[in-house]
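Paired with chain B in one complex and with chain C in the other, chain A is shared by the two complexes that follow.
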Partner chain A sequence: MRRLHPFTLLTLAVVLPALAWILPAPWGGAGTLITAMALLLTPGASPGFGAARTAVITAAPFWFFLYLLHGVGGMVSTGLRLSTMIASFVWLVAILPPARLVEAMVAAGWPVSAAFLFSATLQAVPALRERAQRLVDAQRCRGLATRGGPLVRLRALRALALPLVLSALHDVDERTLALETRGLVAGARRTALAPPADHRGEQALRWLLVLSCAVLLVWRVA
Partner chain B sequence: MTAPLTLRAVTYHYPASTTPALRDVSLEVRRGEVLAVIGNVGAGASTLLLVAGDLAPRVTGGELSGTVERSGRAALLLPTPWTQISGMAFTVFDEVAFGPANLGWPRERIATSVERALTRVDVTHLRDRDPTTLSGGELQRVILAGILAMDPDVLLLDEPTAELDPLAARRTWDLIRALARDGMAVVVATSDLDALPDAADRVAWLEQGALRALGATREVLVDAALAAESAPGSTSIAAVWRSARLPEPPPLTVSQAVERLR
Partner chain C sequence: MSIRVLALIPFAVAISLALSAIVDAVGLPLFLDTTGTILATTLLGPGAGIVTGVLTSTVNSLRNPTFWPFVAIQIIVALYAWLAARRGWFRSLRTAVPAGLLLGVIASVTSTPISYFVFGCSTTGGIALTTKLGQLIGLSNLGACFFGSFLSDFGDKAVTFALVTTILHALPRRTAARFPLALRAVGRA
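Moving on to the complex of A and B:
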């Protein structure tokens, strides 16, 4: 499964939730959720039990609030669909290294700026988390209480958010210069360093999945 | 032979600034030489590199008068490594390959160039690491490798040793010398004046954006004006020598001082 082309994995992760909403509830949602969970749990091909647990923990609150708002029927029909979305997304994130997707985008001729936007966003998350931790440490040294009740935490959040945002904005200028000097300019024809193999069979499968969605959508609307 | 970088009467204003960051600066950088740019904070050393690297005013905005002539590719290393991560690489190898890939080089040429740069900067052991997990010093060397992999004709370095420990800093200065020996033109803005007697061929001293002195390293660094309170100072050895009121001109390095005291 991990050897599939990134676009095939991406298509699967998009088509499953789409089918969950297109097909009649609750059986459509149940089928797509079973498929998504099977992808998460298939031995040797899936990311494993940790990712499945993440999907279940993420989906659980939605089921609770759906029950409060819509009762058992609404909870089941909508919960299955939302859970398919969550399970598909978690599966994709767990199985597809961003570097492979970026390479696939570059090899497919996507603009460098689009590939950059995608991968830089993913890389920004750990960098911002690390910077936030440094700010927390620094503010604690200066006497800021960051633990306690909600009001204390809210006050701490205000003292942390401003320097975090300002420092991130300050970096933008320097980052622009660094990217420019390393050749990342609009219209650049970037070389894909390790383009993933894209077999005809997989290309056909992707088109088939998308067309199936379109046909089912027309059938449901008609 | 044409100098790879020539500035003639360059004056530059940042956007919305009435005070010029550079005033009437003229200089030439030749192949195979290291030109060090020194000055107090705000003197214009970093701005000079931006202008030389075709980033000011093209990217930064502002107004430039005078002429800047470049032959070949110029590449700039900034002082903060974290802001220079490409954001598109998940291993050090790919990080170093980022620039060459953007230039559209064939994969074989990129691989050769990256391997050579990794070896040259002595970071081959980091090649499979995630760049976001590196220390500041490691990352700075990786970014330098990324710049070198682009095979620039003019290398512009802004405080290249700021994040490095003394040993890594010394190796970086040795590398800079070696790059110049190979024919590259190197301009380095630095406050590490102790390294300059061995590393730089010439020194440009900037004061409030204007060129206060430009000449051979020894000639500029022994200038008494450089040791004035508002000036950047000279090397540590020169400062000690002058504090002891020993005869002028002061030595610039330990070995020169030992030689003089014998």
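Moving on to the complex of A and C:
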């Protein structure tokens, strides 16, 4: 399963939730959820129990709130669909490293800017989250009150958010200079170092999956 | 797409997602997940804002896939922020806060159908509980869903607009000079 082309994995992860909403509830949702859970749990080819546990933990609150709002019937029909979406995405994230997706995008001729944006964002998010946590710790050490009335909390929010955003904008200057130095310009072509193999069979499978969705949607609407 | 736009967008997305750590620290019922979208729009225009919004939803979906259906809201926020910047609503908190409140109304009107038809209004604990409150006071299911979305979006977008206004006014002169649109948005150009 891990050897499949990233676009095939992406198509599977998108088609399963789409089918969950297109097919009649609750059996359509039940079928797609069983398929998504099978992808998560197939021995030797899947991310394993850790990912399955993540999917269950993410989906559980939705089932509770759906029961609270719509009773058992609404909980089952919407819960199966939502759980399919969650399980499919958790499976995709666990099985497809972002770097492999970027390689596939470059090999498929996507603009270098799109590939850069995706990979740079994935690197920037954890770095800035860590910086935000350091800022919170540092400001608390300096005696910043983060609890109290709404005005105290809003003042604390300003004192914490401002340095985070201004430091990030400072980094933009440095990044701009670095990118200019490396000659990153619009329209430039990059060569993928290790492009994933994209067999004709997989390409046909992707089209088949998308067409099946379209046909089923027309059947449901008609 | 210019190199400055390319360099800014990943940081703008990261700002939207990293602010959750600060919101957790101060314990306010806010998301602030459109801060980067609004900031990118005011600094570099609607194109940068829309790409930032779409990427924010995409990256957030890797952590929790339920964010993805709300990508349309990020696009609406970017377009509204562009209008607000052109009208000069970021010039002071007196204009920014009402503009944010109006965005809260627009966002809740547009997010209600997504929340209702895709999630049955169970998107977050807070929204589900306020939706239940709406049901208990006699609103229809869709009305209760709007009530829940409205209560969560209304304050969130006002605080986000106020925060972006504060950031734009606090930009060092050298940094601000590189973003002429931001200077215009705060009335310094």
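Assorted remarks:
Here is the rule we go by: the second predicted complex is superposed on the first by the 208 of 222 C-alpha atoms of A that agree within 3 Å, B and C clash if a C-alpha of one lies under 4 Å from a C-alpha of the other, contacts with A are read in each partner's own complex, and residues count from 1 in each chain.
Definition applied: a residue touches a chain if its C-beta (ideal position, glycine included) is under 8 Å from a C-beta of that chain, and two chains touch if they have at least 3 such contacts.
Everything numeric here is computed off the predicted structure, so don't read it as measured data.
Applying the stated contact rule after C-alpha superposition, one finds that A:157 touches chain C and leaves chain B untouched. When the two complexes are overlaid on their common chain A, residue A:127 makes contact with chain B and with chain C alike. Shared-chain residue A:82: touches chain C; no touch with chain B.
Once chain A of one complex is fitted onto chain A of the other, the partner contacts of A:116 extend to both chain B and chain C.
In the overlay built on the shared chain, the residue A:136 is in contact with chain C alone; chain B does not reach it. In the superposition on chain A, A:222 makes contact with neither chain B nor chain C. Once the two structures are superposed, chain B and chain C can be ranked by residues of chain A touched, with C on top.
Touch criterion not met for A:197: it reaches neither chain B nor chain C.
Contact with chain B, but none with chain C, is seen for A:97 once the two complexes are overlaid on the shared chain.
Comparing the two interfaces of chain A, the one with chain B and the one with chain C have residues 116, 120, 123-124, 127, 171, 173, 175-176, 179-180, 184-185 in common.
Per the touch definition, chain A reaches chain B in the complex via residues 97-99, 102, 112, 115-116, 119-120, 123-124, 126-127, 171, 173-185, 188-193. By the touch criterion stated above, chain C contacts chain A in their complex at residues 1-4, 6-11, 13-15, 17-19, 21-23, 25-28, 32, 35, 39, 51, 55, 59, 61-62, 64-66, 68, 118-122, 125, 128, 131-132, 135, 141, 159, 163, 166-167, 170-172, 175, 178. The residues of chain B lying in touch with chain A in their complex are 50, 53, 55, 59-60, 74-76, 78, 80, 82-91, 94, 97-107, 110, 132, 143, 146-147, 150. Chain contact summary for the complex, chain A toward chain C: residues 21, 58, 61-62, 65-66, 68-70, 74, 78, 82, 85-86, 88-90, 93, 113, 116-118, 120-125, 127-129, 131-133, 135-136, 140, 146-147, 150, 153-154, 156-158, 160-162, 164-166, 168-173, 175-176, 179-180, 184-186.
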